[in-house]
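In order of appearance the chains are A, B, C and D, and numbering begins at 1 in each one.
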Amino acid sequence: MKRIGVMTSGGDCPGMNAAIRSVVRTGIAHNLEVYGIEQGYKGLIDGKLKLLESKDVANMIQRGGTFLKSARCPEFKTEAGQQAAIDQLEKFGIEGLVVIGGDGSLTGARVLHEKYGIKVVGLPGSIDNDIFGTSISIGVDTALNTICRAVDMINETASSHDRTFIIEVMGRNCGYLALMSAIATGAEAAIVPEVPYNIESIINKIKTRYIEGKSRSIVIVAEGAGNAYDIGKAFQLIGGFDTRITVLGHLQRGGAPSVFDRTLATRLGSGAVKGLMEGRTGVMAGLGGREIVFTDLDIVLSNKRDLDETMIKIAEELSL
Amino acid sequence: MKRIGVMTSGGDCPGMNAAIRSVVRTGIAHNLEVYGIEQGYKGLIDGKLKLLESKDVANMIQRGGTFLKSARCPEFKTEAGQQAAIDQLEKFGIEGLVVIGGDGSLTGARVLHEKYGIKVVGLPGSIDNDIFGTSISIGVDTALNTICRAVDMINETASSHDRTFIIEVMGRNCGYLALMSAIATGAEAAIVPEVPYNIESIINKIKTRYIEGKSRSIVIVAEGAGNAYDIGKAFQLIGGFDTRITVLGHLQRGGAPSVFDRTLATRLGSGAVKGLMEGRTGVMAGLGGREIVFTDLDIVLSNKRDLDETMIKIAEELSL
Amino acid sequence: MKRIGVMTSGGDCPGMNAAIRSVVRTGIAHNLEVYGIEQGYKGLIDGKLKLLESKDVANMIQRGGTFLKSARCPEFKTEAGQQAAIDQLEKFGIEGLVVIGGDGSLTGARVLHEKYGIKVVGLPGSIDNDIFGTSISIGVDTALNTICRAVDMINETASSHDRTFIIEVMGRNCGYLALMSAIATGAEAAIVPEVPYNIESIINKIKTRYIEGKSRSIVIVAEGAGNAYDIGKAFQLIGGFDTRITVLGHLQRGGAPSVFDRTLATRLGSGAVKGLMEGRTGVMAGLGGREIVFTDLDIVLSNKRDLDETMIKIAEELSL
Amino acid sequence: MKRIGVMTSGGDCPGMNAAIRSVVRTGIAHNLEVYGIEQGYKGLIDGKLKLLESKDVANMIQRGGTFLKSARCPEFKTEAGQQAAIDQLEKFGIEGLVVIGGDGSLTGARVLHEKYGIKVVGLPGSIDNDIFGTSISIGVDTALNTICRAVDMINETASSHDRTFIIEVMGRNCGYLALMSAIATGAEAAIVPEVPYNIESIINKIKTRYIEGKSRSIVIVAEGAGNAYDIGKAFQLIGGFDTRITVLGHLQRGGAPSVFDRTLATRLGSGAVKGLMEGRTGVMAGLGGREIVFTDLDIVLSNKRDLDETMIKIAEELSL
């Protein structure tokens, strides 16, 4: 193997640049040429590939987003689009590919592997932490810290006014960000898609605590579990709370990656290149315990991560 | 003068605790007793006053929000409510009052002064920077830094996806936060209540730049100038941009105060106590140039701050 | 078991408050009374114990340091001191104890268990990450993020001036903080106690890169591996670099805990209480993979954590 | 005027990039060509000039340091060096120059103006705030916020251990950073070059407060007022305090500029270009009240800023 490619695809997340840097420098350290593919599958089809040198990824580890950019690519779902991508890989002599992204990006990687025999290793990059085959995805830790800083700040104004805040966080169909940020901020409740809830009983529980003297409350809602504005209305109507809503939005995707995400991305990027060199393909490199583990993309894409039962219980016990 | 009171009222802002601390310690340094009044005018009516000692305000300068809390108080708009407040001031022997807050809070202070002859000095506390008689209000600098950190973060994901972001910031009828954060983040446009705008011409200007190669854009909208979602729709329909909306919400009110807000609040708190001791009343202590200036509450409340024309021009010239 | 105690001891670290909060609220959720012991073993000897209620730990999860305080305690190394501590535990009816701290603190916990039969569970709290029996200690993640923010900042001024910076970080005899922060900041070299090094060869390696065009360099030194000033002198004398030194110091111990430390402390605190209730004693609760594991204090205290060989190699490969 | 140059010189500070960006874009908006000069006077002598376009300064406003770099330049103190610089200015057809930096840089600018008749406007860039002719220099606000975040963090570990911390901050011969950060963090004392002090009386004052129950103390020392280690020894020997020292070092120069510094740099950069176009030369553009004011470099360089007496008194009164 002499030449590999690396791309980021789907929603961006902090740590993608660190992962690209690691792929590039690990490759160079093992005498590979590494091509960066811009804008994911779209750029692959359009032939936007360029050789990356060590200095091209200097001062990248601390930067949020992805300097290779990302984009949607409906064409890649078509036979013609896929063929165009394959043609580009051949044209540039790319013998192996590292794809960094979420479920959609990894689905594309599986197509390249299964249908066209391209050597490909995926890396889990998604703030949602909804990817099977890794204990945590690149970007999750930074997004959680961003959310918690925001909730800590809202907590201060909530306390000053004895208010209730409904805060909607990202996560698509996954409640991980909501659950973990609720635990980490001492929120009164987390509303997640994985756990059925009764809005009235949550309101009544919080009301009891108000009567006992608690002066403010924070409820964190996963975007996949309900609409923050609807939940806020219920709190106002049923509970009579002075309620405010905040939808944190896209700032959850930004920011300099945390140390955890920088080192996770660095390890996985290094592992992906070594995996390719050892002949692995059709797999995702993830974190299992403290080791890097490779899981077949088929398994990654046909399984769903569950929320940790222990953490759900801890969230309940400690939000007294 | 032997005993004074201090309260925070209206929307909270970072630096209120620093101002309270300054009032308390300046008072003590000049042999005054300082009473903290909880929950603003509501707590005053309800008699929630307590003597504050030096140690009660230790480690307060760095904390966001207001530990004396704030609350709405419709009762204070009635004769009966005002009389109840006056009774409490007499009961506790409060000879002078420092009121920290925005327009509404200062209007209450003027009532106490004009109608009941209470000695009162107001301090401008509002992230909106809409208070006349001071070059800047307590909380504005922190809010601006919070907004800019958020926009910087969103900028990263916007750049990764070549997207347009419409970001709505606070400010009520004042465009200060929107204008200054647009300048400080290099946003492509600021939409503020003070400057008439044509949404199509903004969109066309940004479109021209896209064609010239600019890949993403940020538009900052003051909450008083339009609805971010409506503006976002226009960008999508008229401009064909891949547009996302973020309403920053109440995190703009939170956070440890910046150095500027800590020192501004400290200086104004100190100035307010000295003002009371020198016999000033019915005034607000504000910042004029580098000095503390006292302005009659009548003047403060009957004038409107304008946006700085120079800054509007700079925003236009530099967002190339 | 009806009544337990909790204390923090030794050097403080971010997340200690989160751990205390978790012990208190988990205890209350299981109908235990939880006493907070101030100033570690010193406060235990002096009888500084007080019942903690749920509200006493409200808004504690986000605060750095330890509100129960910590202190050195030479008396506890004497028989008399130990007996005084035992007497207090009896007097207050404390049936189980959670001790949060580093090696020294856990050594004290072992004495209480082995010599006096006290039921005790330890928690690893130390930014140094030198405690055996857990993949990571409470405080490490926050300290690493603090270090990296500082190094990122220094990196900017280093780049502006084409300078070399020698940055000394904490860690006692452990190079974990230095190694991981070097990886996470893209530093040119990490000097750690676990890996023998030749200062001239490091200097020559960096010099080669300067000649190739790299304009600045960052070297991170673990406090246990050498003196930053001596190393700086070598860089100046041997390498002719324009060198500056920064010893990061105690700010590494402060700051709001990261999400990782908040949730780790919360899980371990919860696990410690449940461990005590299940009859465990003489053990430390740590993180093993994604689970909580209990390890005998004897094993914890007689083993040394090693640096991960993979990470040492990654640091070398990626610092090109 | 058709072509101007811009350079940063001397110690770097946050906001230099924002100033360069403003000079470039203001120039372009007024149909000027703007050349960036790398590494200050050194790069000028060496002819390291390049035309900067609008996109070259995109995403620069939020970056610390200076992308044009800075360097010492002993050659420029010689006639030959100066002549070489003049030659380059002629060669590139530079008709006006904006120099961003501290006293040394502005001294160089004066030479160019007085001795060689070059049209030059200086901008005050220095975290020390020791430049006459502006109420505040570019970089000061960011440095103060960096210092305060560090002190807040150290405060937490100090409180946990009832310790005394001596924290040395930058500022050369100016105590501004030390005084203002002491006020903003509620430090027990600030030791500055402008105010004579007796170390024993400071220690005794703090000791009195310890006896009254205060558990920790923070003393901030300006680097120009004494050595933190010596002062720490005095605290230990005379006061018997458990004392720790932290020298904050170069992280004070780094970091994304605060909003204040971004807008100050933007305004001054814009003002400098307009000043050059109006024929101003041999002056520095600074902030006076809320307006931009131009002061002759002779006056700037022959005067010394004093510390504000009011702030010295406030620091004393509030550190109770």
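Here is the rule we go by: contacts are C-beta pairs under 8 Å (C-beta built on N, C-alpha and C of every residue); 3 or more make two chains touch, one makes a residue touch a chain.
Given the structure is predicted, the values throughout are model-derived calculations rather than measurements.
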| item | value |
| --- | --- |
| Centroid comparison with subunit A (C-alpha atoms), farthest chain | D |
| Separation of mean Cα positions, subunit D and subunit C [Å, integer] | 35 |
| Inter-chain centre distance, subunit B versus subunit C - centres from mean C-alpha coordinates, in Å | 40 |
| For subunit A, residues contacting two or more additional chains | 152, 155, 159 |
| Contact pairs between chains, per stated definition | A-B, A-C, B-D, C-D |
| In the complex, subunit D residues that touch subunit B | 21-22, 25-26, 28-29, 54-55, 58-59, 61-62, 135, 141, 144-145, 148, 152, 155, 159, 180-181, 183-186, 213-214, 256, 258-260, 262-263, 266-267, 270, 289-290, 308, 310-311, 314, 317-318, 320 |
| Residue ranges of subunit A in contact with subunit B within the complex | 8, 12, 16, 63-66, 69-71, 146, 150, 152-162, 165, 244-251, 253-255 |
